[in-house]
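The structures come next, written out as structure tokens.
You will see chain A twice below: alongside chain B first, and alongside chain C after that.
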Partner chain A sequence: MRIEKDLVAAAATPLVLGILTDGDLYGYAILKRVGELSGGSMQWTDGMLYPLLHRLERLGYVTSLWGTSDAGRRRKHYAITDLGREQLAERQEQWTVVSDALRQVWQDLPRPSVVTEGWA
Partner chain B sequence: MELDADLEAQIDRWRGYVQRRQAIATADVEELEDHLREQIEDLLATGLDHDEAFLVAIKRLGNLDAVSREFAREHSDRLWKQLVLLPDAADDSRAPAWRELAVVIGFALGAGLAVKAGLTWSDDGTGLARNLGLLVFPFLAAYFGWKRRLTVPVAATLVASFAALAVLLNVYPFAAGGSTELLAALHAPVLLWMLVGIAYVGGRWRSDARRMDFVRFTGELAIYYTLLALGGAVLIGLTVAVLSAVGVDPDPVLTGWILPLTVPGALVVAAWLVEAKQNVVENIAPVLTRVFTPLTIIMLLAVLAVLATAGGLGTVDRDLLILMNAILVLVLSLLLYSISARDSLARPGVFDVLQLVLVVVALAVDAVMLTAMLTRITEFGFSPNKIAALGLNLLLLVHLVRAAWLTIGFLRGRRPFTVLERWQTRYLPVYGVWALVVVAVFPLVFGFA
Partner chain C sequence: MSSTGSFSPSSRRYLDELESALAAAPAALRADILTDIADELNGLDEDASRARIAVLGDPRAIAADAAAEAPAPGIPAPGNPAPVSKAYPTAAAIVLTAGWYVVPIVGWIAGLVMIGVGKLWAPQVRVASAVVSVAAALVALAALLVMRGTDLWPLGLAVFLLVPLIANIFVGGYLRRQWGLPTPA
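Coming up: the complex of A and B.
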């Protein structure tokens, strides 16, 4: 199953912030973690992660630090800040409300296959 | 992990390609490259060969245009700051910005010194007027030649063209104060500007899109040059006021050195600013054309009304005809510029109707002009001035009639906007050819009078 682009975009900020609460990471490792967490169904255009990280940095949710990789390349590591944690907590509340609401809707709804027949 | 040489070469090429995106800073390229290499290594570990791993990694990184747009959105301030602030000394990645600044200042100084030398050595005023463009525009072309890394044949052609024009303008034995000399002085800048255009488009002058880029550049350059001139005027005004207040006469330095150096030099600097800000800072052109198109329509209607009530067209003054020609050229630039700024995929809108009205009114003015001109010619006979004005008017007439026709087609949904766009870009060289005829052929035909 592939997740719709807009949904991925909406989830991106809390997802990245959440992953960074486990410890500092660099871009590629963040994307790998996203892949693991979603079972590969959240498809990102890899290049798009970096403008997002830069935005989060500008907003003060993360800080970055240039380090060196095992192979000796320069590598930029990102770490979440206190402001980022506050933001994450806020997003978490918002998402909880949304998912609660959705869960109730799913309960009231007939099964998807029935809906399809109804439209036919 | 060491990657093989072939793969390294591919990554190098990719890096060069990404570095050309102005919105992506060098540090970002490094970050993306680290990502790319990591991805390639992981893919190689799964058993893909080098080419496959590279292709898949590139594909996952995403469409570079989209990524670069995203970077530009996040860092829309970046280029402007990079351009205005001095590059950070600690950050060696900004070296190209320094080098470009040095080149720009070099060419700007060159243009200024050339004009200063011209002022110093010219014995009479008209010789300088004839050559003024030749003293400035080659430096602008040289800047673009450097920036676009022109191929040797293109660069050689440009140098030869500039040289040929210089020879032509100075070898012809123009009669002192004759009209062919004045016409040559007026039309030479058009030719020179075409040559600058060839340098600007990097020699790809056949491409309609590149030509349109040059049109956009021309408009933005005019705006930036005006802004620089305004800023410079304020600065000079304040300095002069202070110096006069303490009793020092600033005039010798001001008119002797500062103005001759800065007025031509600012053109190169303005070109550099326009180059640096494109894609990142919004063009001011769409705003200006939207403001001035309705105003110009009103102005043209007023002019038409005055001409209609002023009595016989044959009595219309020669100076007035030249002025009207200037107005029509202005209308044309307005048209060209609003077309260059328009999204060619957008549906016909109110503004397109307004543009059609502008063209139709301009056509009416042109028709009046042509009648007046023909009347004068039948009455007083031919003269270089009249033929030059008549020629330009006929060119404008053809341009405007076709533009009106295509705009109607577009408004009725019969044609895409690109047809109208292409007509503009295809027709532009005709003005260059006409300028060449006026500069090169007119003096011969009219005996340099």
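Coming up: the complex of A and C.
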């Protein structure tokens, strides 16, 4: 199942901030974590992630710091800030409301079968 | 970007294609994406490179995602508005101040009109500026008329020349600072 872009965009900020609460990560590691958490349904590219990280950094929700990769190369890591944690808490509340509302609407509807075709 | 590190031929080709595809992206964004992907491909042999490249995706798709997500050059990012040109308020301040002397009365009125039609001033700012400038003009004219033909004539002339100058310089500075600011609640 492929998640539509609008939904991916709406979830992007809380997802990245939530992932960073587990510890600092570099870009590709964040992408891999998104893939793992969504069971492969959310496939982001660096082209989607980095504009988001830059935006979150401008807003003060994350900060970047230079680390060193296993190969000894300088690599930029991202860490959540206190402001980012506040923002994440706010987003969590909003998503809880949305999630509860959807669950109530859908509880009496038949569960759709999982669609897997068209998946690379 | 691909010139440093140890890259397989397919990785080098991929990074070159990515660099070309990202040519229009903001420099900081381009550098971060290229660095991140180069790190993932660095040191991989040809087979491992091909497998990783398949996961990373088409460079053109990455560039398209970046273009869709990043603000285009010249378009301000949210919360970071573009600077507003001060050319108009500067011109209005000059016309208001110099107009009093260069084209007496008419030049100054032209300055008032420029204040009145300036859309990036809050209405309160326009009214306050006009009131101060007009008040200064009335004081100047009154001093000139009252002291005309008396021993205080030089003082009247000095007031006529200096009071509008001082008031309009003050108003001009105020107008430049207030240009483009949001209307106070």
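Heads up, the rule we're going with is that the second predicted complex is superposed on the first by the 107 of 120 C-alpha atoms of A that agree within 3 Å, B and C clash if a C-alpha of one lies under 4 Å from a C-alpha of the other, contacts with A are read in each partner's own complex, and residues count from 1 in each chain.
By our rule, a contact is a pair of C-beta atoms (placed from the backbone, for glycine too) under 8 Å apart; a residue touches a chain by one contact, two chains touch by 3 or more.
Quantities reported herein were computed from a predicted structural model and do not represent experimental measurements.
Trainee: Superposed on chain A, are chain B and chain C clashing or fitting side by side?
Mentor: The answer is clash.
Trainee: By the touch definition at the top of the document, which applies to A:P110: first (chain B), second (chain C), both, or neither?
Mentor: A:P110: touches no partner chain.
Trainee: With the two structures laid over each other on chain A, which partner does A:S69 touch: chain B (first), chain C (second), both, or neither?
Mentor: both
Trainee: Just to be sure I read the superposition right, which of the two partners does A:L59 touch: chain B = first, chain C = second, or both, or neither?
Mentor: Only chain C; A:L59 stays clear of chain B.
Trainee: Once the structures are superposed on A, label A:D46 by its partner contacts, choosing first (chain B), second (chain C), both or neither.
Mentor: both
Trainee: Name the residues of chain A shared by its contacts with chain B and its contacts with chain C.
Mentor: Of chain A, residues 26-28, 45-48, 50-51, 54-55, 58, 69, 71, 73, 75-76 contact chain B in one complex and chain C in the other.
Trainee: Tell me, which parts of chain A touch chain C in their complex?
Mentor: 26-28, 43, 45-48, 50-55, 58-59, 69, 71, 73, 75-76
Trainee: How about chain C: which of its residues touch chain A in the complex?
Mentor: 5, 28-29, 32-33, 35-37, 39-40, 42-43, 56-57, 61-70, 77-80
Trainee: Help me check something: in the complex, which residues belonging to chain A touch chain B?
Mentor: 26-28, 31, 45-48, 50-51, 54-55, 58, 69, 71, 73-76
Trainee: Contact residues on chain B for chain A in the complex?
Mentor: 1, 27-28, 30-35, 37-39, 60-64, 66-67, 70-71, 73-75
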